[in-house]
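In the part that follows, the structures are each spelled out as structure tokens.
Note that chain A is present in both complexes that follow, paired respectively with chain B and with chain C.
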Partner chain A sequence: MRLYALAVYLFLYIPIAVIALFAFNAGRHASQFEGFSTQWFGKALSNPFVMEAFRTSLTVALASAVLATLCGTMAALALQSVGGRLRAAFDALIYVAVMVPGIVIGIATLIALVTVFNWLNPVLAALWPLGAAAPQFSLGYGSLILAHGLFSMALVIIIVRARIAGMDRSLIEASADLGATPWGTFRQVTLPQIFPGILAGFLLSFTFSFDDFIIAFFVAGSKTTLPIYVFSSIRRGVTPEINAIGTMVLAVSLVLLITAQGLLQRGRRRA
Partner chain B sequence: MTMRPRYRTALFLAPAGAWFLAMLVLPLLVVIVYSFGERGPAGGYAPAFTLDNYLNLGSRWTAFRNTLTMAPLGTLACLVIAYPLAWFLAMRADARWRTLLLVLVIVPFWTSILIRSYAWIFLLGGQGIPSLLNALGLGNPRLINTPFAVLVGIVYGYLPLMVFPIYVSLERLDKRLLEAADDLGSPPMRRFLQIALPLSMPGVATGCMLVFILLMGEFLIPAMLGGGKVFFVGNALVDLFLQSRNWAFGSAVAAALVLVMLITVTAYMRFTRRWAGGRDDVALM
Partner chain C sequence: METPQTQPIAELRDASKHYGAVVAAEGLNLAIQRGEFLSFLGPSGCGKTTALRMLAGFETPTRGDVLLDGQRVNDLPPHRRPVNMVFQHYALFPHMTVADNIAYGLRQRRPRPPEAEVAAAVERALERVRLPGYGPRRIWEMSGGQQQRVALARALINQPKILLLDEPMAALDKNLRRDMQIELQTLQRSLGITFVLVTHDQEEALSMSDRICIMRGGRIVQVGSPRDLYDRPVNRYVADFVGKSNFFDGRVSRVGGGAGALTAAGGITFAGPVSCTRGVTEGAAATASLRPEDIALRRRLAPAAGETGVPVQVRTRIFLGEHTEYLVAHPDLGDFLILASRQAEAAEGSFGPGDTGFAAWRDGAARILDND
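Showing the complex of A and B:
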């Protein structure tokens, strides 16, 4: 039994370890280890296309995670005092957002936005004051942030609602009995209790957006995110530079995930 | 905060509601409307009302057949590998290490599937495991760009999602039932088949449904490890929207995919209700 478990863990982690190992390979060949070197990290970090893609991914991940955490937490708090049809509607929307495959979300967002933009851009151009060129809507940062944030927001609502459900209600009642204002109760009692959930939701949202390929593939327009860059590089062939980028991407998500897990587990134990 | 609570609630729900409407409900409605339309002269969409796209789904039958063979096969492979691990974690693992071991199972699922599939291109490619086998005198099999490679990628990608629900249902299982059966002289295999397995069925069903649903929409694993030979519905969709730009037909394929998934979920709900009289938690974290 122990041996079996060990074998499965090796299966899960050896491929990741091999990627990281070969990122430090001195040689050009992706197959033979020829000594330790960090040159491929240097190459990757001085490649302007990689850095541009990295900046795009970082911007999108940060913006979508902030917006999703904010809107998701607000919705989770409000959903406590909502019943009936509205609550059922939100439950259904959250369910659909999580369950519909990313590829369908990507496609649907692409054709809906292109259709809306094709209709909106001429209207905008006609209404714009003479002389100045009217701004054009197009796919890019906006569509990436909103499409990634949609899934993230559903995730944040699920996590924060679970925290609220596990919260000690008597503290809120006590706070109200002792004369605290609703805002004071929220800031000093509710928020500290649900904060680990909010933070974990934020970290997961960031990781999701930073790692997502399939939705970005459809809605990125002329922008290139890091996963899109890596995907098109792999099509051109396997190089140690991809290993270096992959190792950095994995490292970023591992650190964020372990932090998120720590927060969720700590909350679970206390609850 | 002197605002009336009702307005505050509405204000708090409005951004999320608007986001869902604009980026989820509207796009999905557009897909449904477009699926009854025609391909525009230069690609894209032209308004029409026709069932041709749906009647034409048969032309992508290979993609549907591949998906509907590989998805159940991949789900089964995940189940067979995940169940013993979930059993170990729930029944045998040292309580001090259990949390860490669980986290170690879930963490890979949240890291980039792109990079993890790339790892298998690396391992199964000509210079990886095949050359290792060759050096050991075991022949030089072709592994990459085969259905086997896709299956390995699937198990690697989705195993964590199968382990977790099964673990949850095994962990909740009343262990005194097993002890009682043991005291009454029931052999281990019979204890497992008559007590543990039936009681862990909700977890098994949840895991299978989660993996199956995600596999139905898979694009990346067949694209990277199947080398264009193992073509899923997801690959057909990428082709239809980004290469041939036939939005109307592509929308019909996407709608058909979601429909097949809905049927699966409904069947799953019926199944679990019969098994356990209720739904098990879908715990992903």
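Showing the complex of A and C:
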């Protein structure tokens, strides 16, 4: 039994370990270790295509995480005062949003956006003043941010809701009793109490967007995110440069995930 | 016209709170006097917490009015009411220090008082609850008793017109509770602030309050001083809640001039003042309440005038120090309690389980009550 468990873990983690290991390969082949070197990290970081993809990913991840955190937190707060069947329906929809496979979200978002753009662009062109070229909606930053933000929002709602549920309601009453206005209570009591949840939601949203390939692949349009870049470049053969990129993404994701987990744990202890 | 001195500091006028079909409070009428210590007493679900929350502003009455200082405040939200509350589990803000918790109320004022003033007030408040120098501590570093004193300081620093206390001792152990009761009473006397306490602990209510409001099923059953309630309960419920008593159901056999008699099983008669709230007629079902300390346990029945005696057998004997409590059995009346003082024990000798004797009480010692 123990051997079996060990085998499973090896199967899961050896490929990842190998990727990280070969990122430090001195040679130019991904299958033959020829000595230790960090040259591939340098190569990756000085490759303009990598850096462009990195910037795109970072922008999309930041923007979608901010969007998801803001909307998700507001939704979680508003859902407190929703009861009964409506609440159950909302809960169900939120969980569905998290469980729907990425490929479905990708296709659905693509079809929806393209349909809307096809309808909106001619209208816009018709309404635009003569002599100027009307702006065209197309896939790109906007669609990436929206698609990622939409998925992450469900994550944020779930995390922040759990935090609100774990909060002592009498704290809010105590604050009102001591003369704080509803806004004062929110700012001084509710927000500090749920802040670890909000921050954890933000970090998870960021990580999700930064790592996502499937949804991005459908809605990226002409933009290239880091995962899309990696996917397209391995078709030309795996070099240690790809390993270096993978290792960096892995490191950043792990740090963010562990931080988020730590925040949620600490919140649970204090509550 | 009422003068400000006699005008109650708070009033409930026919105040009711319904949640759909559930009645939390029904037709509460109560005037709370300036500077008094009033307790709402009753089991859980009796409406006492609802009454308190209507005063604080957390509940709006479905019908009737809440008045503070003669002003109708039904629609005034909690943060604009000049009352403060000590919550059952204190509700201290865990992300703030002790000092920040206490300063919270002052910092909500507009214009905001200068920080030096706030800090000085916090230090004074900490001294008042005997926690000087505890300001920089975190809430979770404080014990239960200390947390409660912080909650008290946080409420009192605002100089509320009324301090509302929602079962504040429920989470404390017994010794600490006793200390805290004395401390609360001393604070209330020295500050002259009106205190309104909610509790299910009759001892707590009896030992601290000027007046007690006994509630049941969302209604007020009786309001009075602890002595009033003990000596003149209006019904079996109050008599049972305030101190221990024996109850004997029967029918009223004589009534008139505020006194009467009740004949219970076996033709045994209990005579005493009548304090029924319903009109009582001869033959009506009622109950006689007889306090255990008003019954004597004797070896022999000395047929004294104006005394009733019945033969009983001792079931159990519990030594309580100052007193000894006997549970005795009578074939018609069933089991009842007798509380014998040390002097009585010395005169009659002590009884053991199985011993027989006589239970005797002075005519007029019983009270004829509503049997609900």
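Note that in this section the second predicted complex is superposed on the first by the 251 of 271 C-alpha atoms of A that agree within 3 Å, B and C clash if a C-alpha of one lies under 4 Å from a C-alpha of the other, contacts with A are read in each partner's own complex, and residues count from 1 in each chain.
Operating definition for what follows: a residue touches a chain if its C-beta (ideal position, glycine included) is under 8 Å from a C-beta of that chain, and two chains touch if they have at least 3 such contacts.
Predicted, not measured: the structure shown is a model, and the values here were computed from it.
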Clash or fit (per the criteria above) of chain B with chain C on chain A: fit
Partner chain(s) touched by A:Y229 [first = chain B, second = chain C, both, neither]: neither
Vertex chain A angle, Cα centres of chain C and chain B, expressed to the nearest 10 degrees: 90
Dominant toucher of chain A (residue count), chain B or chain C: B
Partner chain in contact with A:T181 - chain B first, chain C second, else both or neither: both
Contacts of A:G246 with chain B and chain C, given as first, second, both or neither: first
Partner chain in contact with A:L93 - chain B first, chain C second, else both or neither: first
Which of chain B and chain C A:W40 touches, first, second, both or neither: neither
First (chain B), second (chain C), both or neither touched by A:F213: first
First (chain B), second (chain C), both or neither touched by A:S170: second
Shortest CA-CA distance between chain B and chain C [superposed frame, angstrom]: 12
Common interface positions of chain A, toward chain B and toward chain C: 181-182
Chain B-facing residues of chain A, complex: 1-2, 4-5, 8-9, 11-13, 15-16, 18-19, 22, 29-32, 70-72, 74-75, 77-79, 81-82, 86, 90, 93, 96-97, 99-105, 107-115, 146-147, 149-150, 153, 157, 159, 181-183, 200, 204, 207-208, 211, 213-214, 217-218, 227, 230-231, 234, 238, 242-243, 246, 249-250, 253-254, 257-258, 260-261, 264-265
Contacting residues of chain C [partner chain A, same complex]: 56-58, 77-80, 83-85, 87-89, 91-95, 104-105, 108-109, 140, 154-155, 158
For the chain A and chain C complex, residues of the former touching the latter: 168, 170-171, 173-182, 184-185, 188-189, 192-193, 270-271
Of chain B, residues touching chain A in the complex: 1, 5, 8-10, 12-13, 15-17, 19-20, 22-28, 30-31, 34, 44-45, 81, 84-85, 87-89, 92-93, 99, 101, 103-108, 110-116, 118-123, 125, 127-128, 131, 156, 159-160, 213-214, 216-220, 224, 234, 237-238, 241-242, 247, 250-251, 254, 257-258, 261, 265, 285
